[in-house]
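Going in written order, the chains are labelled A, B, C, D, E, F, G and H, and every chain counts its residues from 1.
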Amino acid sequence: MTDRVDPDHRLDWAREARTGLPEAILADGKTSGQLDAIVQTVIAEGRRMLMTRLGADEAARLTSNFRHGVVFHPASMTAVIGLQDIPPAQPGPPVAIVTAGTSDLTVAEEARATLHFAGVPGGIVADVGVAGLWRLLDVVDELRKAPVVIAVAGMEGALFSVLAGLVPAPLIAVPTSKGYGVAAGGQAALSSALATCAPGVTCVNIDNGFGAACAAIKMLALRGPRRDELARDRQV
Amino acid sequence: MTDRVDPDHRLDWAREARTGLPEAILADGKTSGQLDAIVQTVIAEGRRMLMTRLGADEAARLTSNFRHGVVFHPASMTAVIGLQDIPPAQPGPPVAIVTAGTSDLTVAEEARATLHFAGVPGGIVADVGVAGLWRLLDVVDELRKAPVVIAVAGMEGALFSVLAGLVPAPLIAVPTSKGYGVAAGGQAALSSALATCAPGVTCVNIDNGFGAACAAIKMLALRGPRRDELARDRQV
Amino acid sequence: MTDRVDPDHRLDWAREARTGLPEAILADGKTSGQLDAIVQTVIAEGRRMLMTRLGADEAARLTSNFRHGVVFHPASMTAVIGLQDIPPAQPGPPVAIVTAGTSDLTVAEEARATLHFAGVPGGIVADVGVAGLWRLLDVVDELRKAPVVIAVAGMEGALFSVLAGLVPAPLIAVPTSKGYGVAAGGQAALSSALATCAPGVTCVNIDNGFGAACAAIKMLALRGPRRDELARDRQV
Amino acid sequence: MTDRVDPDHRLDWAREARTGLPEAILADGKTSGQLDAIVQTVIAEGRRMLMTRLGADEAARLTSNFRHGVVFHPASMTAVIGLQDIPPAQPGPPVAIVTAGTSDLTVAEEARATLHFAGVPGGIVADVGVAGLWRLLDVVDELRKAPVVIAVAGMEGALFSVLAGLVPAPLIAVPTSKGYGVAAGGQAALSSALATCAPGVTCVNIDNGFGAACAAIKMLALRGPRRDELARDRQV
Amino acid sequence: MTDRVDPDHRLDWAREARTGLPEAILADGKTSGQLDAIVQTVIAEGRRMLMTRLGADEAARLTSNFRHGVVFHPASMTAVIGLQDIPPAQPGPPVAIVTAGTSDLTVAEEARATLHFAGVPGGIVADVGVAGLWRLLDVVDELRKAPVVIAVAGMEGALFSVLAGLVPAPLIAVPTSKGYGVAAGGQAALSSALATCAPGVTCVNIDNGFGAACAAIKMLALRGPRRDELARDRQV
Amino acid sequence: MTDRVDPDHRLDWAREARTGLPEAILADGKTSGQLDAIVQTVIAEGRRMLMTRLGADEAARLTSNFRHGVVFHPASMTAVIGLQDIPPAQPGPPVAIVTAGTSDLTVAEEARATLHFAGVPGGIVADVGVAGLWRLLDVVDELRKAPVVIAVAGMEGALFSVLAGLVPAPLIAVPTSKGYGVAAGGQAALSSALATCAPGVTCVNIDNGFGAACAAIKMLALRGPRRDELARDRQV
Amino acid sequence: MTDRVDPDHRLDWAREARTGLPEAILADGKTSGQLDAIVQTVIAEGRRMLMTRLGADEAARLTSNFRHGVVFHPASMTAVIGLQDIPPAQPGPPVAIVTAGTSDLTVAEEARATLHFAGVPGGIVADVGVAGLWRLLDVVDELRKAPVVIAVAGMEGALFSVLAGLVPAPLIAVPTSKGYGVAAGGQAALSSALATCAPGVTCVNIDNGFGAACAAIKMLALRGPRRDELARDRQV
Amino acid sequence: MTDRVDPDHRLDWAREARTGLPEAILADGKTSGQLDAIVQTVIAEGRRMLMTRLGADEAARLTSNFRHGVVFHPASMTAVIGLQDIPPAQPGPPVAIVTAGTSDLTVAEEARATLHFAGVPGGIVADVGVAGLWRLLDVVDELRKAPVVIAVAGMEGALFSVLAGLVPAPLIAVPTSKGYGVAAGGQAALSSALATCAPGVTCVNIDNGFGAACAAIKMLALRGPRRDELARDRQV
């Protein structure tokens, strides 16, 4: 069979200029050979990239192969690829990442690692699900100061509606696949996020902590100069 | 074609003795001829029956045909069939029927009408959905006194989890078909009721105010003498 | 049957202070009597409220009953309730509301009416679905200036991913129920919004132009003073 | 990455006072580290907690780490955490836990272990599915004495409807994930529980023996003094 | 546009010889013009055909157009097309058509009309759903004599399993679309028929009384001479 | 509310050059005002356009408003918009459009009208579903001559697999929404088209006769000069 | 925890007298302890039982523990339990078990083993799926002699409709879980069986070869004396 | 148990003459014994066959057993069976196989291997998903020369619509099972392929690279002499 000339991957370094978000790839579903090739490209081009959903075994292999070029963070299953430094954290109160249960922490950590990679501070407030409402009410004053709130919940996802009714910040719901029976896989929590009676909630795919953080990064850019002013300035 | 000898309906008057619940039928899906025949049987046998999901047109036809034998209650779409009196309300605090929104009231009224038919007092607390949590917290002390709570909610059904974490009574969730998009038809609220993080919630079919009330009636019977004592007494 | 003392509706005037969003209700699913009672409360209390998904017949009845207290906008199926003026539009470039097809315009108009009610300018760019990519590329420079983009699409919803890869603003996807076969009801477009390969997209329920606008309003508030500074100032 | 200060878990010791149900956690989905931390908290605070869906491997690890502080019950996959004694069983006939098949026993045992943890007696009647109706009719007189019936069934779940038509007690249906084809995962049994023609059945999530027992505990509390009387007494 | 030469319909008169079942068509979904053309063909060719799911309006139009050639039976929504006589009923006990509720009768009547068209006697036993088990036990001795049993049930379809465990005849389950919430459309009853714990149940599509009767006709042909003997005889 | 400046529709006249397919729009889901505006644009620009899924009422309104500019074809629910002539039919054997049942004809006619609009001959072979296999075998020699086969079937869609195993042409499956129970809406036929055991079947959305014809048009263009030759010739 | 007195299993030896089908159990989902206990009961009571879906490991364990009491048949994953002989095969042509593909053979073998256990002859005709129609047409004359046909197919299940249109015998469809994409798990084949355009097809659960054979056994009993005659004879 | 006489497999060597496609089988789901038997038949009959979805372990076993008779290609998980040579590649530009992501390459390789087996050249263009639109626009001129385009995409599948609007070739969409949450299993990408707003897209089952290539082979045959001419020539 004749060989294919085209490359297996095409990294999108222009993404940051176009959308404000740095390049990142999903490790899950790629072969070892494909991951190796991608890391090699990133290092060779002197770039910096986030890798998400990286299993422990592949992570061990990559860090062994590429050493300083791959820094793995087990709690979030993410790795920072490349030798370049990540930007220092911006000033101001952190994005609040709130979880309904202890089991939702991996997804919350993925969100925090993504924010961190983009120089945005993020703090996790864990296990404040609504079955014991006092747990949420105890922290609500703190949460009201956050510029953006990422709420992470599996099972029935009631946290999304309750929290969105209590805070002024945009709330990004991340349904998780935690739970069993009708909750298994995250469809129940996803439906709750979408069907919420609390206006202004938006949501991302099940377990998508990365996507929620990307949305938060885009929102926080609204605090800078207005885009029409930026466009005008650039034209000068 | 030879005629069928068998009757079209077989009413279950023994149900009350077996299960503590009076006979009732679902009007929706039956033809006018079938409804007429059933009402006739109830009156002829000197019985009393509840009819649910009775549309306004059929109700008008039936009340016109049978006069005092059919008493229609439009808000709940139920009718009491037969000439017998319904039992007086039992003493004690009423079953609390709580709705998340104004649109859920028809289902709540079906529950209340069913309780009423069985001599059980029920009171409705409407429009206390969790998007404005203060609305629920305002009434929670009152709700904590109820022997049984029936919670009625469409959309994402977050009310079920929050309320169940606040009251000692058994909570019966009734998802409603109110809402649009992923909430249409009630599947999102149903999933929330089943996947709830608050222990001790049970649930019934979508829009089934009747079934929730039946369950409440069975639960309230626990306040009487113990069944083993009843059995022993009967044996003597 | 004894009468219920509790009210049918409990309006949440405190919502704006808590969350930055004014009170609004969904007309669809409420009876004429319930809508009348709500409008009466709004006018009596000297408030201002948005009503969404209001059918033409109910709108005609309400405007006839309450005259100046109900202003109906047919293209968006919304009404402004109450005698109070709505706030003037904030300065700066408008939120861009982009539709894939002509059929998605009702949902886009609901978003625009909601923004308008909150004093936020919004402009619609219609029928730029990706089957003819030039239509989208023609307007992309303009769209890159918008602070927030609301993308409205039915069928397969490919617009969400393509557009999100081209603009720096947060993109809120609104799947619509337009389409037939597997697209009917909006599930295909919803899945596309959630499964998008473009990072940073968030989404709301099918046909929920109102919710998308509420999220945009919350995001735009990030352009003001920081919440921690506001909190500090208030404490002084 | 800066460390998170917030704790990973927040146990809800106040739950029992609020709702009558002791604190419990779901082991499945939590990491070893998270389970260790939770057990440590329970022991350190001198509390007592139920842990459900605990796999044999994690159970072995925990009992080895914490000895008397963790008592594992393999048949129900539950563990009692903490050094405090569990309450003695209340007098009176036990809650009847009825299974359709032999395969449903793990779920039934979870229900019984939960009742036991709360001092409520429960007895299991196994393998009385309706395909051989005599098996159920043989035990129906005994089941009619139970204050509450928990019915556990997979496959088509016909047991729920038949049994509910025969007993006066509230019947809580627990669909199980047992079966193959359209029964796999428990959706068929769940649908049967919800769509039942027998009034008064309520149901919980698939395989949720724990939740069914919690509901039973709340119902049995109705046999004590009335809540309004309790409230009045406490105020004195 | 050039005209199509091919006919709109091709009736399958050879079906009876091949499969033992006479030709029949589904009226629902066909235009008036198509139904007219089909009836005309049947009459012109001197054939006999069954038409199912024929609405009252179309039936009135057809009987007016074709008089004796179309005999409508409203209870089953079927019509016999053509001038030929239908065969006399075979001797022996009738196929038992059992319904769970009164609302299931239209589907049961479709089955009976189909049997009748093929000269097979069928009798309906209505409203013996399992919520009141005595109703079924009262008729079980009679049902045990039937050569084939067709069970028709909506909602949760528990009748299928219970009845199949009590009778020696092959049982054909016909789920109906009766019910609301999770039962709406018949999926819950269909799942019960397929997932049944009672061996030997087969099932047909939702509301398919016609198909169930066809299967029964094929089964009853087993009472005649063996097919291999027939084949041998024919060869002679 | 300020007016939107952007147009409601953007017609894609460049589509034909890019993809070989003329512009067409879906009438269903558009308002009368939107359809009027689109027709006006087409006529004003001297173009030609196909309109699909046009209901009889809207068609009557449009033909009355625009006379010769709108030619409606009721059997296919399509209209040709604009004053330009459609191209003459290409030579060669027609695309074969095969239907399983009489009820599938509207979808087949939509396919034929679309082919016709592009100057491609198409012929319909109706009602050759596999329940009477001889009907299909009778026409298979004729079908083997077609350059492309479009197979249109509802219910279980078995026609797709059988036919694809008998003909050399590419077979495009069009599932239809005809049928009831599990077939309602076309999901069963769609699944059959996708899961077919016959290699080389491709499929389009349910009821999408238009899309199938578009695919056929693109395939037939393969009979012309090779694209690389065309490109080379153009460069000269 | 107090021990449960009730047994884990209740075998239904009366089933054969009631329904004509011998007792059988599903091994899958039962623990080793439960299987051991059941086998012990069967042997101790001198009975004979079929065990289905028995994995190779459990089979090895059981045959080692119980020797002659457990005879395992790997191709069908069934075992005959007990020391009693199975009945000799009835005379006459065998039930035809037809598979669409080679992969469907395990399910077909389960059906044949079940027939065999009941003394009914069954023969398998494998890999005659409709993509190569000649394979089916080659055997159709043979299949037309069978008293009952069991058709086993995964993927799109087109075999059911084609075969049912060609044979006079009752056809029992067994969808299998073979296939990928939309076919995975068997839903596509199941839908085809239910939505079939060929009248008289009945179907059983996905992969349920056992159930299909049970239905066939019940049907074949129709060849004996009529049930009303049997009943009359017994009364004498 | 008596042995079955019928063979386990029936290879369809006549397929190529009937449909233009060579025989191929799906390895997944077949036992080792079945695969061995099939390979043996192919070699014994001197034929050539493609085997798809062959796992590495089975491949190793088969190549070891049959040496030159089995040539495995790991990247596509296919094997060529038999000793016959495969045909040389036809002249002209290759079929373009385009993937949205790196993870979709296995499916793309299956398509390429299938084309190769039939002597059709195919080239892969990888990782041009629409989130970075420039990647696709960079290659669009090249893709416009392809006679047929196979587009392979998981997640939301937006590539199908964008690409179909840019190229004149027939586009065959292959949804893949890549992705998580609502994308898991490929349903989101499949819905996008079917609901696409770009006319002329057809699609195949999820992950079915083989089927897409078969369709492409059938389409490319249109470049040869017309089928009616072939038929005429053959008759001479």
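In this section, contacts are C-beta pairs under 8 Å (C-beta built on N, C-alpha and C of every residue); 3 or more make two chains touch, one makes a residue touch a chain.
On a predicted model such as this, the values are computed, not experimentally measured, just so you know.
Steps from subunit C to subunit D, minimised over paths through touching chains, total 2.
Two copies of one chain, subunit B and subunit C, touch each other, and the residues they use overlap weakly: the shared fraction of interface numbers falls below half. With each centre defined as the average position of its C-alpha atoms, the distance from subunit G to subunit H rounds to 36 Å. Separating the CA-averaged centres of subunit B and subunit H is a span of 57 Å.
Mean C-alpha position of subunit F lies 26 Å from that of subunit H. Within subunit H, contacts with two or more other chains are made by residues 15, 131-132, 164-166, 179, 181-183, 190, 194-196, 199, 205-206.
The chain pairs satisfying the stated touch condition come to A-B, A-C, A-D, A-H, B-C, B-D, B-E, C-F, C-H, D-E, D-G, E-F, E-G, F-G, F-H, G-H. If you check the complex, the residues on subunit B that touch subunit C are 73, 102-103, 105, 112-113, 116, 121, 123-128, 131-132, 134-135, 154, 178-184.
Considering their complex, residues 15, 18-21, 24, 92-93, 144-148, 164-172, 190, 194-196, 199-206, 210-212, 214-215, 217-223, 226-228, 231 of subunit G touch subunit E.
Remark: subunit C residues 100-101, 129-133, 155-158, 160-162, 164-166, 179, 181-183, 187-199 touch subunit H in the complex. Contact residues of subunit H toward subunit G in the complex are 1-2, 4-10, 12, 14-15, 26, 28-30, 34, 38, 53, 175, 177, 185-186, 190, 205-208.
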